[in-house]
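Chain naming follows the written order as A, B, C and D, and within any one chain the residues start at number 1.
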Amino acid sequence: MDRNQLTKWIKSPGNMGHKYSLDVVYFCTGCGIIEIPPSITARWDAERFGVKPVATPRQANLFLITGYVSVKTLKAVIRTYEQMQEPKFAVGFGSCPINGGMYWDSYNTVNHLDKYIPIDGWIAGCMPRPEAIFIAVTHLWTLIDKEIADGYKRYRDKYKYYRANQEKVLGELEWPPLFPEDDKK
Amino acid sequence: MNQELKKKINSSFPSAKISLPNESRVVIEVNRDAIISVLSFLKNMGYEHLSMVSCVDWIKEDEFELIYFLNAYMENDEEYGEIEKSTILLKTMISRKEAKYITAIGIFASAEPYEREIHELFGIYFEGHPRLTHLLLERDYEIPPFRKDFDTRKYVKEFYEEIPFVEDREEGKE
Amino acid sequence: MRELELYFGPQHLGMVGNFSITLNVEGDRIIKAASNPGYLHRGFEKLMEYRTWIQNFTLVCRINVIEPDSMELMYSMAVEDLAGIEVPERAEYIRSIYLELARIGSHLFGLWAYANMLGFDTVANWAMYHRDLILDLFEEITGARVYHMYIWPGGVRRDFPKGLKGRIVKTLHKIGSGVPDYDDTFFNSRLFYDRAKNVGTVTRKQALEMGAVGQVLRATGMKYDIRKIEPYAAYDKVDWAIPTREDGDAYSRIWVVRDEMIESVHMIFKLLDDMPDGSVYNRIPNPFKWKVPAGETYVRCESSRGELGLYMASNGGDKPYRVHFNTPSYSHGLTILEEVLKGESIADVGNIMMSLYIVAPEIDR
Amino acid sequence: MIVLEMLILVILALAIGVFFLGLSRKIMSRIHWRYGPPITQPIIDIIKLFNQDSVSHGSLFNFGIILSLAGSIVMVFFLPMGAMCPMSSSGGMLVILYIMLLGPLGLALSGGEAANPNISIGISRKFILALSYEVPLLLIFLAVMTHYGTISIVEIVKIQSANLWSFASLPLLLSGIAYLLILPALLGERPFELIKAPQEISSGPMAEYGGKFLALATLQHAFHTFVGISLFVNLFLGGASNPGYFFLKMLVVFILLIFVNAVFPRFRIDQAIKYLWKWPTLLAFIGLIIVVIVD
């Protein structure tokens, strides 16, 4: 672990900060609620990795979507994601946000979450064990290091398309666009 | 014994069809006008607990079947006799074309969310219900999703699968 | 004073699961509360109509994540009832032991949620640790931590591994040795008493009117437990008592949960001692061609949160025609919660919600 | 010279405050049977937060948090740490009592700008709580001032080093205990964590803070922790002649505070007022009477 390497800290404090202090906003959509508590409490203790749950999306920089996303939840997921401050990372937990999982034929769950918000990493499995969260976190560190955890940049660049997809599912959105068209040069 | 229960109900409601599938279930079938009076009759008999209201879509018969599940509450588990132990399934049929019914909230307050759910998922309108708004779903479907003629797989294919990936959009595959 | 509209959830640290309550507050008092479920609705019962009898086992356990095992049991019992499959005696005992273990695990999860809600982090961490010990047992029995799919029509999937009895006893003793600590820091704590006493009171009259079950009902002094009224598995073969309390407030409910855990541990010890030998399952027909005779059934059991029912209708095909789960959180979360929250303080929303033991996925299904 | 001393003092206070934040997380984890984060975790958090974007809700929003932080920093100058006290000649306890209200006030200004109901609830809780601990605090200060006949903390420390610690001397014992009782409320730790209460009102006044604002709020908390504890050490534990010794005394008090923090849930606001106006106020009042009678 290079948490203790001073040279890296001096070279890019921001980058290192983002790596080792991941404030998570857990969006416990369904099944995820069952493996998140073990991972943040005594047995697995996510705080060792600097992963700490916070109360509001404003304070967070990691978004963990734990489980299937129904249409009603999607609205909340998008709002939460848009409220978070950049740089922000989103990780899908479980098979369901990847491609619908076992609810692939349900009329009320969206099958591919990355059509609506950019996702930086997936944790596959149903249910993934708590260890999987930590593997994901360490992978995310590598991604941040290589600067390919750039979901928030993609969201900014292709906001038009994301918004179009969101509107297709949710109908008219009641909040204004995060990045208005005329803002772009 | 449940035979006694059967007699009691039959004396008040001669039209009710009663069957006893096993020792702790009583199935009562009544026609659609009688349900409120039967419900209040059963409540007075001690079946105070409405566990659930369910609905089945019998599409071949072109009818919805509404089922009320009733149980008895006793203070002590030793007080339960044969009659109190049984669950009553009170059934009625309503036509699919005219999916309208009367609410049971006046008798059982706990029927409220169940009726709301049935309204949402099966499209049955309950007259006298104070808030028949969305409960579980966010948007309207053309056919209420739990009806048998709503094909969820087809719906998923036509709706969700049609939405393109953002990367594909950029390549002009819109 | 100005009336504010406050949203409690869906993204909220105090919210276990995904559920939201719209509160109209005046100062610190709640005037009106409206539950807003549906964030987890997947249309389970619809999906089950598209899957064969055996495929549905993967689905049913996911209806309730906190305690998937009672859902499996419900589905198995309904299928057994429709298809006329007998269950061997040893399997009944195994089911009971397994369900009681699941109940303890679920209650510990509930304790975590409740303690966390009050800001009792220490107890919350302990409870979650102890729950993990039980999950380790499950992992040994079934191979999975959370979704086990262990109960099967006609019995259970496989027998207990060798020496499991000793390990169950050891684990339960380990958890039991924590009870004095829990009592000192949590249950007998003055602050817990202050926070929970006379908060969220459901009177017996209200409970009966609004269809309360489980702890909510037992906390008002009613001994209503399906395990006694309509015994399934091996619950009629051992002696046990229903713990109750009189006051019907959050304090009573949490104490009922605690007493139930202890009662469950004793029950498991008795069941383990009485367990007969023999086979653990009767063969079911080839699952690929399995057709269940037409008919309907309603089965019920006592899950960790109260009465759980399942109505199932079959039209003689290879898939169920209609499935409807009657879950305890439904009336607790939609009818009782709205009623009880009126007039309480904002600080007690999570307190009341967790003490009513509301599990959102169960409501939405 | 004074400027240099001030600078050193601020840096020391910041270092100790942040260290205490890290230590509290570590000790809490161990009580939870967890391994816990590295002790440097708050520093990493602050570095990250300063590098993160943040959303501002207007100039008052920015000003409020700065006011709050400034209030906490200014208090540091009036508290002697070991031999260091740049503002020893002016003010004393009265100034501290006055400035202490700047913290809640700043947060209130800031929160008023962001229209989030959780914030307004949090702010109102904060003010109510401040109101309830100010009363016993005033009584405690009065007792100390009457006993030593001065409002200068430096003087009080000097007298204590010549005689007994005031915590060990009889007339002020009750006041000391009363201060210990209100210390968690002063610092917003459990059982008085109800201002933040993440499970109830989504961290209350901080709900809209992100990035730099949250970093400033964390720093404010660090300074505030330092002030609250060092005040106790100065008034009741005899201060210290050098910073090292002073730090040790603070550490003991802080660890005691964390243990209390670990075993209690949070009060409801009405219970908190009831408690604070009952036991600490009563003790402080009796303490004051004893002091008046004895002297």
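By definition in this document, contacts are C-beta pairs under 8 Å (C-beta built on N, C-alpha and C of every residue); 3 or more make two chains touch, one makes a residue touch a chain.
What you see is a predicted model, and the numbers here were worked out from it, not measured in a lab.
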Worksheet, complete the sentence: Looking at Cα centroids only, farthest away from chain C lies chain D
Discussion item. Comparing the two chain pairs, does B-C have more C-beta contacts than C-D, or is it the other way round?
Written reply: B-C
Worksheet item: Taking each chain's centre as the mean position of its Cα atoms, how many Å separate chain C from chain D?
Response: 44
Worksheet item: If you average the CA atoms of chain B and of chain C, how many Å lie between those two points?
Response: 23
Practice prompt. Give, as an integer number of Å, the spacing between the C-alpha centres of chain C and chain A.
Written response: 30
Item to complete: Report, in whole Å, the distance between the mean C-alpha point of chain A and the mean C-alpha point of chain D.
Response: 36
Worksheet item: Which chain A residues reach two or more other chains?
Response: 41-42, 54-55, 70, 72, 105-108
Response to the item:
Shared-interface residues of chain D (touching two or more other chains) are 32-34, 198-199, 202
Discussion item. Which positions in chain C are in touch with at least two other chains?
Written reply: 12-13, 38, 41, 43, 46-47, 50, 125-126, 129, 364
Worksheet item: Among all the chains shown, which pairs meet the touch rule set out at the top?
Response: A-B, A-C, A-D, B-C, C-D
Item to complete: Under the touch definition given earlier, write down the residues of chain D that touch chain A in their complex.
Response: 25, 29, 32-38, 41, 44-45, 47-55, 198-199, 202-203, 206-211, 214
Worksheet item: Across the complex, what residues on chain B touch chain C?
Response: 21, 24-25, 48-52, 54-57, 67, 69, 71, 73-77, 80, 85, 87, 89, 108-110, 112-114, 134-138, 145-146, 150, 152-153
Worksheet, complete the sentence: In the complex, the residues of chain A that touch chain B are 70-72, 75, 104-108, 110-112, 114-115, 118, 154, 158, 161-162, 164-165, 168-171
Worksheet item: For the complex, which residues does chain C have touching chain D?
Response: 4-6, 12-14, 25, 28, 115-122, 125-126, 129, 185, 189, 191-192, 194-195, 345-350
Worksheet item: What residues on chain D touch chain C, complex-wise?
Response: 28, 31-34, 117-118, 120-121, 190-191, 193-194, 197-202, 262-271
